[in-house]
Amino acid sequence: MHENTLSENLAETFKEVSAMKNYGEVASYIPELQLVDADKFGVCLTSIDDSSCGQGDCNERFSIQSIAKVLSLTLAFKHLGRSCWERVDVEPAGTSFNSLVHLEYESGIPRNPFINSGALVVSDMLVSLLKDPKKEFLEFVRLLAKDDSIDYDDKTAASEYAEGYRNFAVINFLRSFGNIENDVEEVLHFYFHLCSIKMNCTQLSRTFLFLAHGGKDPISGERILTRSQSKRVNAIMMTCGFYDEAGEFAYEVGLPGKSGVGGGIVAVNPGSYSIAVWSPKLNPQGNSYRGMKFLEKFTTKTGHSIF
Amino acid sequence: MHENTLSENLAETFKEVSAMKNYGEVASYIPELQLVDADKFGVCLTSIDDSSCGQGDCNERFSIQSIAKVLSLTLAFKHLGRSCWERVDVEPAGTSFNSLVHLEYESGIPRNPFINSGALVVSDMLVSLLKDPKKEFLEFVRLLAKDDSIDYDDKTAASEYAEGYRNFAVINFLRSFGNIENDVEEVLHFYFHLCSIKMNCTQLSRTFLFLAHGGKDPISGERILTRSQSKRVNAIMMTCGFYDEAGEFAYEVGLPGKSGVGGGIVAVNPGSYSIAVWSPKLNPQGNSYRGMKFLEKFTTKTGHSIF
Amino acid sequence: MHENTLSENLAETFKEVSAMKNYGEVASYIPELQLVDADKFGVCLTSIDDSSCGQGDCNERFSIQSIAKVLSLTLAFKHLGRSCWERVDVEPAGTSFNSLVHLEYESGIPRNPFINSGALVVSDMLVSLLKDPKKEFLEFVRLLAKDDSIDYDDKTAASEYAEGYRNFAVINFLRSFGNIENDVEEVLHFYFHLCSIKMNCTQLSRTFLFLAHGGKDPISGERILTRSQSKRVNAIMMTCGFYDEAGEFAYEVGLPGKSGVGGGIVAVNPGSYSIAVWSPKLNPQGNSYRGMKFLEKFTTKTGHSIF
Amino acid sequence: MHENTLSENLAETFKEVSAMKNYGEVASYIPELQLVDADKFGVCLTSIDDSSCGQGDCNERFSIQSIAKVLSLTLAFKHLGRSCWERVDVEPAGTSFNSLVHLEYESGIPRNPFINSGALVVSDMLVSLLKDPKKEFLEFVRLLAKDDSIDYDDKTAASEYAEGYRNFAVINFLRSFGNIENDVEEVLHFYFHLCSIKMNCTQLSRTFLFLAHGGKDPISGERILTRSQSKRVNAIMMTCGFYDEAGEFAYEVGLPGKSGVGGGIVAVNPGSYSIAVWSPKLNPQGNSYRGMKFLEKFTTKTGHSIF
């Protein structure tokens, strides 16, 4: 049976990767990320037919960090449609995720919504659009996850705020080009909060399920994005979802996805499932070492790939 | 019936785009490219079930230019396997296709095999590997196309050679980092020839069919690449196939593909078909204006997308 | 007589340049700079023998802006000696004065103390060193100028603060590399104030006289810098004093100097005199159009040049 | 007596630096440079009154390399006047001497005549201007040096040619922007020859004497450059003469000068003397370690500096 096979493949791959040596470093730039147990490892796959299977620490919550950028983009895109591309581009950055170099040569239009500068512009769009951005964004995420227990982690957000000189630099640089409309402190406050959201793999795979089903929640039937918009968010994840390793991920895994420095990765197999994996040790490019390994092996074993 | 629908959709989209104003400029850096009739427009789709349908100037040959980079990569990858990634990376460049900037910061390892520097390194691999590179490469292309009439255009190659100062610059720069093994003139001679190959849309879509079928020619049954290698070539086309417009293409079309300054574009719908379109006027990013428009409209109309 | 000749040459050159068409644009990024009469033009030369001669609007005060960076560097260098070069380099930047690009590649060490990033680091040094930075810096400038009427312009400083997103970006970027020790708001507040100082050409040429006399005020006999330090400040002005036009100034004028967007330029002829010129219209590189013209003609006429 | 003092200072400084440990690496990219004895050390000062004093290996010839760029610029400037600045700029590069980055952003106009790209453009000017460039250039250098034994070193030139992939890259890049008029091989042949000239310190200081005397040979009375042109060449040496260490040299030495990877440095004290020093070990910026140390100590001891 297909589900069994998927579930068996998941379990088998999980076992294989668990048996391998775990390399890399836990993100250390804020204390909240460093406190986590470095050898945690969990994975959960949720199918569009509402079945799901998990392994390991799949019910332990972690900081989703940059993965939240897909959700803020989704909400902005839902509200603004194509007009959001006037303020942020959709091209791969080709350099490390904090780079200000491109911004300077491209007059304050970030290369894509998943580098920090682009995510700050998207956050600014939401601050302009929403009455109570923090409250409404959280409601949106809870709606996607079908889980009201999901919340911000104020301590993580506060730590980011205290150490986020680069982000202060980036947002003021954007402001100098006129590409930030609101008070920079307000936008940063919102941005640091959305990155601080904690979820477990089960919740995270459920949250991204609409992107595996053409923008519509396959279980509730709610439409989150149009079919065309959903395809576009997946395309941006494919080309820009992994910092300076987007090509490597496309090459090794072959599915659109997004990583975060908390050690989480979520990937989408359009028409079939979404899958979340979490392991805190990061490779030199800032992506979960075991997360990448797991997804490579899993898609190779199952033959799943969009290519 | 599905095939009819595909054919009808193709015809309809072709008619729509033909009726629109044609923008852009024909490539002018070598005389051979400029001589072409700017309003030529052809398209051909070949399915893995061996059916095909064409429209307009689909049987008129044009210079495939950079599209040939996919074929040279395929041949090098077939011979060398993963070891070819020691000399060329798989990440999007994020800058214009001739840029030497990245090369300088990355010590002579090109960002990917589809920017000029990367294609020159791949050409150098083939010059090292093959006894008679020009002859053997042409045989390989004829095998893929199942058409022995396909040939180099010596005049185009000679023009490139006469005006190709940038490519002379790039290859010597690579040589200074030790990433060219052969005589630079020999590699350039080979490179300019492979870009000079002429095909029509029918031949081009046939040539790329193996990438829509997991690396195996669906008609002859010959295996060109392993399933995994085929997936990888598609992934590289998706992230790096359109110069500084790869993200835009992924976003608007949603299929892996490759363009050339001769006005050709080829795209692959894995598991289903490959499609070639040709129209010489280029948009400011160097991709066929009508080719891009056609593929956007066609994939939107049919709902085809890998996402 | 030599002094007469100098004075006559000054008057003659002034007349010539006044008769020429005045090109360029007054700096417009803050209202205070834009309010000034665009055709103001004044010049004053002060010799180390205490004689001075002025022309035109030489007694009207203007915002010295970046010229103040030489004075803050002087005060920091006086206190810290060579150790200040651990946090800022002395090489020409080769790019526009706001560029963050170099900072990124050089890990937060600004190229020189006269680009904004370097001047912010110098300001941070003074905030660390001085008990009451604003008060003590102003006392130092008044001491150099022998004029207690010199003061900050709070309105100009406040405007800079309101519009200075680039500087907020730069200082946070520096902070992210650990090269700012104090609160960023405090450093910026100090920096914007020192740039807001108003002087006229007479005061400005008097203020810089110590650099024409080996670091010692030739009239009061006070030592401001050691001979060696004075030579070094002049060397930095020569190689880095004119944004992206330092080479042009060295080439056309042949004296060390520093410009500001308020339209002022000060230059030093070591062993002889200092000279200040003011005219608000700026050339595309951000240096006073008439100021550059005047100094070119004056040094050509007199044969003065350090080369 | 002044001359005695100068001579004594020279001898004393030479002794001091000879006693210090000698750091750095001899240039190794071509065999001819590597064959030299790493601890050679010579210096010679020639005054405009025709006296000269030398120390150590001041009569042993070495490859002047980039120092020749000042002589080719002088010859081109003499023939073309200001019009040579249409093809090469006079601004410090702010990056390493081989960089292609600036060229790309500035459309093929090199930043200054002393980086390789700029020197290649100057060589191209001379190839256009002169009937027999190699012969006429050598005659010009012999005229300046008053020594007909000075010659090219064909072996060094041939080695450069064999290994000069970077220079092949640069000149083809310039050609792609239309800033090379002649056959690239011919220009490179000329360029590698002029860099291969061998001189000793005595000859080198004599050759540069005209730049210490306003462009006129103080002994023969021949005018090489106008006063204004001479001042300009000195200004360019001051801002661009030491690769990425021009600011450091201006700061530590305070005289215009030029270095070469053969370990030679020549500096000019306008109105007084020219001085040449040679020691093959290079610091990480590519300038002679002992040469820099010697000039720092000598100018500090004598108080000579243009600032």
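Order of writing sets the labels: A, B, C and D. Residues in every chain begin at 1.
Here, contacts are C-beta pairs under 8 Å (C-beta built on N, C-alpha and C of every residue); 3 or more make two chains touch, one makes a residue touch a chain.
Every value quoted in this text rests on a predicted model; they were computed, and no experiment measured them.
Trainee: Can you name the chains that touch subunit B as well as subunit D?
Mentor: Expected: no chain.
Trainee: Using the touch definition up top, find the fewest steps from subunit A to subunit D.
Mentor: When the steps are counted carefully, the minimum from subunit A to subunit D is 2.
Trainee: As a test of understanding: of all chains, whose mean C-alpha position lies farthest from that of subunit C?
Mentor: Of all chains, B has its centre farthest from that of subunit C.
Trainee: Interface check for copies subunit C and subunit D. Shared numbers divided by all numbers used: above half gives same, below half gives different; which is it?
Mentor: same
Trainee: With centres defined as the mean C-alpha position, give me the subunit C-subunit D separation in Å.
Mentor: Whole-Å distance between the two chain centres: 32.
Trainee: Nearest whole angstrom, what separates the Cα centre of subunit B from the Cα centre of subunit C?
Mentor: So the centre of subunit B lies 55 Å away from the centre of subunit C.
Trainee: Where the centres are mean C-alpha positions, what is the separation of subunit A from subunit C, in Å?
Mentor: Centre separation, subunit A to subunit C: 48 Å.
Trainee: At least two other chains touched by the same residue of subunit A: list those residues.
Mentor: Expected reply: no residues.
Trainee: Just spell out which pairs of chains touch, all of them.
Mentor: Inter-chain contacts occur between A-B, A-C, B-D, C-D.
Trainee: For the complex, which residues does subunit B have touching subunit D?
Mentor: Touch residues, subunit B against subunit D: 99-101, 104, 165-173, 175-176, 184.
Trainee: Would you pull the subunit A residues touching subunit B in the complex into a rising list?
Mentor: Interface residues on the subunit A side: 89-95, 102, 111-112, 227-228, 230-232, 234-236, 238-240, 244-248, 250-251, 254, 256, 270, 300, 303, 305-307.
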